[in-house]
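Please read through the structure below; I'll follow up with questions.
We just call them A, B, C and D in the order they show up, numbering each chain from 1.
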Amino acid sequence: FPYDITGKGYGKDGIKLFHVNRDGPYHSIHEFDIKVHIKLSGNKEYTEGENSAIVDSDALRNLMCVLGKKHGIEGPEKFALMIIKETLEKYAHVVEISMNIETYPWQRIRQDKAKPDGSTENYEHNHAFVFAPTALRYCEVIMKRGDSKPTVISGFKGLRILKTTKSSFKHFIKDEYSTTPDINDRILSTIAEGAWEYASIENVDFKKDWETVRDTVAKTFGGDPVHGTTSTATQRTAYLSVKQVLDDLPHVAIMTLTLPNRHYNNFDTRPFQSLVPGENNEVYIPLDKPYGIVYAELSRKDLQGHN
Amino acid sequence: FPYDITGKGYGKDGIKLFHVNRDGPYHSIHEFDIKVHIKLSGNKEYTEGENSAIVDSDALRNLMCVLGKKHGIEGPEKFALMIIKETLEKYAHVVEISMNIETYPWQRIRQDKAKPDGSTENYEHNHAFVFAPTALRYCEVIMKRGDSKPTVISGFKGLRILKTTKSSFKHFIKDEYSTTPDINDRILSTIAEGAWEYASIENVDFKKDWETVRDTVAKTFGGDPVHGTTSTATQRTAYLSVKQVLDDLPHVAIMTLTLPNRHYNNFDTRPFQSLVPGENNEVYIPLDKPYGIVYAELSRKDLQGHN
Amino acid sequence: FPYDITGKGYGKDGIKLFHVNRDGPYHSIHEFDIKVHIKLSGNKEYTEGENSAIVDSDALRNLMCVLGKKHGIEGPEKFALMIIKETLEKYAHVVEISMNIETYPWQRIRQDKAKPDGSTENYEHNHAFVFAPTALRYCEVIMKRGDSKPTVISGFKGLRILKTTKSSFKHFIKDEYSTTPDINDRILSTIAEGAWEYASIENVDFKKDWETVRDTVAKTFGGDPVHGTTSTATQRTAYLSVKQVLDDLPHVAIMTLTLPNRHYNNFDTRPFQSLVPGENNEVYIPLDKPYGIVYAELSRKDLQGHN
Amino acid sequence: FPYDITGKGYGKDGIKLFHVNRDGPYHSIHEFDIKVHIKLSGNKEYTEGENSAIVDSDALRNLMCVLGKKHGIEGPEKFALMIIKETLEKYAHVVEISMNIETYPWQRIRQDKAKPDGSTENYEHNHAFVFAPTALRYCEVIMKRGDSKPTVISGFKGLRILKTTKSSFKHFIKDEYSTTPDINDRILSTIAEGAWEYASIENVDFKKDWETVRDTVAKTFGGDPVHGTTSTATQRTAYLSVKQVLDDLPHVAIMTLTLPNRHYNNFDTRPFQSLVPGENNEVYIPLDKPYGIVYAELSRKDLQGHN
C-alpha cells in the first residue's frame, strides 16, 4: 500500500455542558463548550469499514455528563483531567485523548441592598448570574497512553485593550515600499490572546493563575494608572508581558502571547482646515482590516524532562 | 406610471468613529459604529439617473468627523442630535435623517497601586481601557423636517443573564401537540434586549438612564440577592421589568423588552441509574436552538402630543 | 393603571426542520430555520402570572413537525400557510400568527457519468446534495384572525455581485464636506437583499418567482453579457431592478430592494511611481466598513383592497 | 537570562486585495484576504525596544499591491510564491515568511441571450460576477531562508454536503455509557475541509487540482448519481476520499480531510401516534451542536527528500 496513515482521530465538538451545585441557597455554576478527540490503536474503521473499536462520540459525551454529576466540577482543567483519566482507564485501545474546554464567563449579579441599620451594602447574588465576556477562558489538556503526565495548557482569548498615549513606533526600515512615517504618540489597541503550558500542575490554582495572567497582560500594556508606560512596538509589549508571567508563575514552562495591532488612523483634517484649523488629535478612524499581528513565545530554560 | 415610490433612502453604514479628549492626563474616549440614512425631497437620482441632489455619503461621514472634532462628543444620543441638526440646517432638501449609533463598551482599566503610606488603593487608569461587553449600548435618533422634536430611542442588546432557581412554568395548555410537562423549578436564562423612547429629552442624562434600565432588568430578573424572586413565565418577567422602568423613569414614553428563553435541558440520567442513581439536579444541556422568544411593550397613557 | 400594553407576543425562534420525501429512489429535501410568533387575545400571563392561555412554544414546534410529516412540504410559503391555518383553527384565542422561514440552499450534486454508448452525461444525484448559498431564500407570512387573506412576503438575502466597469458616480453635490471627486468608471459591488409582497397568491409558483427576482436583480445590475449596462448611481440601479420585477410579475404588489455599496478603493500608486509608473487600473483595496446603503420600494398603484 | 525565545513573528492579517485584468472587454478578477507573517534573524525589537530591523507590515502590504499591479495575478499559490521570493531577496535578515490567502469565490454571471437566428444561448458575462461560496479556496505557502523549495499547501473549507440514504453506523462498542443504537440508514451530512501539500509544484495547475479535490470529495461521499455508495462510518468516507485524491494526483504528498458529522435526529413521533401513526422517515431535527468530528491524513510513502 503506497500510503501511511500519518494522522487520524475523531470525537465530538460543540458539547455544551452546564453544571450547578445546589448545596444550600448559594448556587455555583459552570458552563462549558467542549471538544473531545481520541485516537485508537488500530485503523480498521478507516481501512476496512469495521467499526468494532469505535467508542461512539455520544458515549464520550455521556461519560462526561455522568462523571460531572457524580463528582462535581471544579474548573475546566480539573474536569478535563478527570475525564481523560477515566477514558484511558476504561478503554485500553485509546492511545491518546485531548480535550479543549471553553468556559462561559458567568459572574454573580451584584446588587445594592439596604441593611437593617439603614446603610447600603453591595451583595453578590445567591443564584443569579450575568455574562461578562471581558476575556474568554479556555484550556487544552492532552494525554498519550504511556506518558508520565498530561500536557496542560491554559489560555485566554479576546482581551481587548486600548491606550490613548505612551505608544510610539519609530526607527524601523524606510525604503521604497514603506509609506508610514515614524510615530511619536499613537493609539495602541489589541485583542490579546495568550496560552501557557504548565511545567507542573501539582497544587495549581488554575483559576487564580488565569486571573494573574490576564491582569499581568493588562498591567504590562497600560502601565502605572497615572503615568502609564511607554511601548516602543507591539513586539516589545508582547515580550515584556510574557516575561512578567514567567517571572511571576514559576510552575509555568512556556507562554505564547499574540497581540494583533488594531489600527486607529488619524482622521485627515487637511481638507477641512477652514472648518477645523490646526492639527487633529481627537478624531480617529478605527480600522477592522487589515491589522498587524505580533507574537512571542518564551520558554523556561531549566525544564528537566519537559517534553 | 403604474407605481409609486413608497420608500427610499440612502446613507452610510458601518462608520467607525473614535474620539479622544486629551485635555490633561485624564483621557476620555468614545468609539462608535454609526449608520446614517437620509431622504431627499425629490427622486430624480432614482427615476432619471440625475444625481445633482445627492449629498455624497462620504460627505456625511466627513461632516460627522469634523463636527466631532470641533465640538467634542458627550455620548451617542447627543452626538446624533448634533449631527442631525446640522445636516437639516445645511441641506434644505433633506426631508428626513436617522442615525443609529452603537457604542463600544470601553471601561477604564482598574489597578491596585501602593500608596505612600503602604496601603493599597484601587485606581482607574488615566488613559488605558478594556472592552467590557456585558451589554451593548445603542441609540436610534430620527428627525423629519417640520417635526417639532426628534424621536430619541435608547437601547441595549446582549444582556445575558441566568438564574438557577425560582423559575416555574405551569398550568399552560396541554393537548395533543404538547409534550412539555409542568415545571416547578427550572433554569431560566435569557439574552435580553430592550429599547425605550423618550417623551422628553430635556435635561436627560442618557448614560445614567441606560444604566438604570440595564440594572432594573437584571434586578427584576434576579430579585433579592438572598431570596430571589419567582418567575411564573418569561412573559411575566418581561412585563414586570418594563413596568418598573416606566415607574422609575417618568420621561420615558414607551419601552419594549425582548426576552429569548435559552433552554437548559435536564440531562436524562435514566439510562445511567447504575452509575448515578436518583434524580439529576446538577447537569443540564444548554441548547442554542431553538429558543423561546417573548416580548412586551408598554406605553404611558397620558402622553399629550406624542407621535 | 397608567400604561397600555401596546405590543406583545411570543413564540419560538431557531426551529430547525428537515424534511425528506423518499417515495422512490429520487429523494427531495427541505431544510428550514423557522421563527413562529403568536399573539393571544388576553394578557393575563403578563399581568397576573396566570398561564392558562399559553400555547407552549414547544407545542407549536411539534405541530409543525407533525403536519410536515402528515402532509409533506412543498416550499416555505405553502408550509407557513398550512401551519398558520391549522393554528388559527385549533386555538380560538390566537389572534395573530406570523412565521419567518429561511431555507437552506441545498442543490443536487451534479456528476458526469459514462453512458453505455461511451459518451458522458451530466447527472443530478438521486439523494446527495451540496450547499450552494449564492443567495438565501426566505419568506414571512402573517395572518390576523378576521383578515380575509394572509400577508405573504418572499425575499432573498446575500446576493453578492460585482462589476468591473460601466459604473459612474458624477454630478453630486460638492461642498466643504465632500472629498470624493466625480468618478467615470468604478468597481460596483453590492450584497443585495430584496423582499416582495404578493397582491394575490392564487396559483403562484413561489420558487419560480424567487428565481425570477434573483435573476432580474443580477441582470439589471450586470446588463448585457457582452456590453453591460451603465449605472449612474446605486439608486438608479435599485430603482430599475424593482421596476423590472413589478413589470414582470403582475401579482406582486410591492417590492423593496436594498443595495449596500461595498467600496473598492483604488490603490494609490503615487508613492510607487518608480516601481509602477502611470495610472493604476488594476489593484483595488476592498473595504468592509463603512459601506454605502441605498434602498428603494415601489408599490403598484391599482391595488384594490390591499392593506 | 532564564528564558529562550522559542517562537516569534509578526506581520499583517486581513489584507484585502482585489485585482482586475482589463485587457480587452473580457475582464478577469481575483479577490484575496491575505495573512503574511515573517521572522527576522534577531530579537532586539523584543528584548531591547530597538526597531531598526523591522520591515513595517504596511510595507509588506504595499509590496504585495505593487507587485500585483506590476506582474498581474494568476492565482493564490503563484501570487504567494512571487511575494515570498521578492521579500526574501530584498530583505536579507528575513529568515522565514509565510502567507495564507483565502480567495473570494467570484464566478461570472451567466445569462441566456437571444442569438440573431432566434435561438437562445447561455453566455458568461464579460465583466459582471456573482459570489458563489460553495466552498472556500485557500492556500498556505511557507519558505525558510536556505530551504531548497517552499512548502505549498492548498485547501478548501465549507464544502457542505448531505445524503439521505446509504449511510449506516453499526457494530461500535456498546457499554454503560452508550445510548445510541446501531443505525442502518441515517442522514449523513458534513461540512468538509481538506488540505494537501505538494511534493512538487512544477507545472502544477493549482486551480484544476483544487477543483479535482473538491469534486473527488463530493463524489466519494455521494457515490454513483443513481445508486449512491454505502458509508459505514464517517471515518471510512474520510479515508476513501483522501486515498482517491492521492491516487489521482501523484504530485500531492500528503492530504488531510476533516469531516464533521452534523447530526440530523429523527423526530420522535411516538407521542403523536394518533395524529401520524407508524414510523417516521420524513421529519428530522438538524442539530447545530454538538457534532461529531473525524479526520484522516494520508502520506505518500515514497517521498524522497520531502521535509
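In this text, contacts are C-beta pairs under 8 Å (C-beta built on N, C-alpha and C of every residue); 3 or more make two chains touch, one makes a residue touch a chain.
Worth saying up front: this structure is predicted, and the values here are computed from it rather than measured.
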Which of the two pairs, A-B or B-D, is linked by more C-beta contacts?
A-B
Could you check if the interface between copies chain B and chain C is built from the same residues on both sides, meaning over half shared, or from different ones?
same
I'd like to know which pair from C-D, A-D or B-D copies the A-C interface, where a copy means over half of the contact pairs are the same by residue number.
B-D
Quick one: report the Å distance separating chain A from chain B, using the average Cα coordinate of each chain.
28
Find the geometric centre of each of chain B and chain C from their Cα atoms only, then give the gap between the two centres in Å, rounded to an integer.
26
Distance from the mean Cα position of chain D to that of chain B, given in whole angstrom:
38
Where in chain A do residues touch two or more of the other chains?
16, 62, 66, 177, 179, 271-272, 275, 288-289
Building nodes from the protein chains and edges from chain pairs that touch, which of line, ring, star, complete or other describes the result?
complete
Given the complex, residues on chain D that touch chain C span 16-22, 25, 27, 29, 31, 62, 65-66, 68-70, 72, 106, 109, 111, 113, 123-134, 159-166, 187, 191, 218-219, 221-228, 264, 267, 269, 271-272, 275-276, 280-288
Touch list for chain B against partner chain D, complex
176-177, 179, 271-272, 274-275, 288-289
Chain C - residues contacting chain B, complex:
2-16, 35, 37, 45-47, 49-63, 66, 91, 169-173, 175, 177-180, 232-236, 238-239, 243, 246, 254, 256, 260-261, 288-302
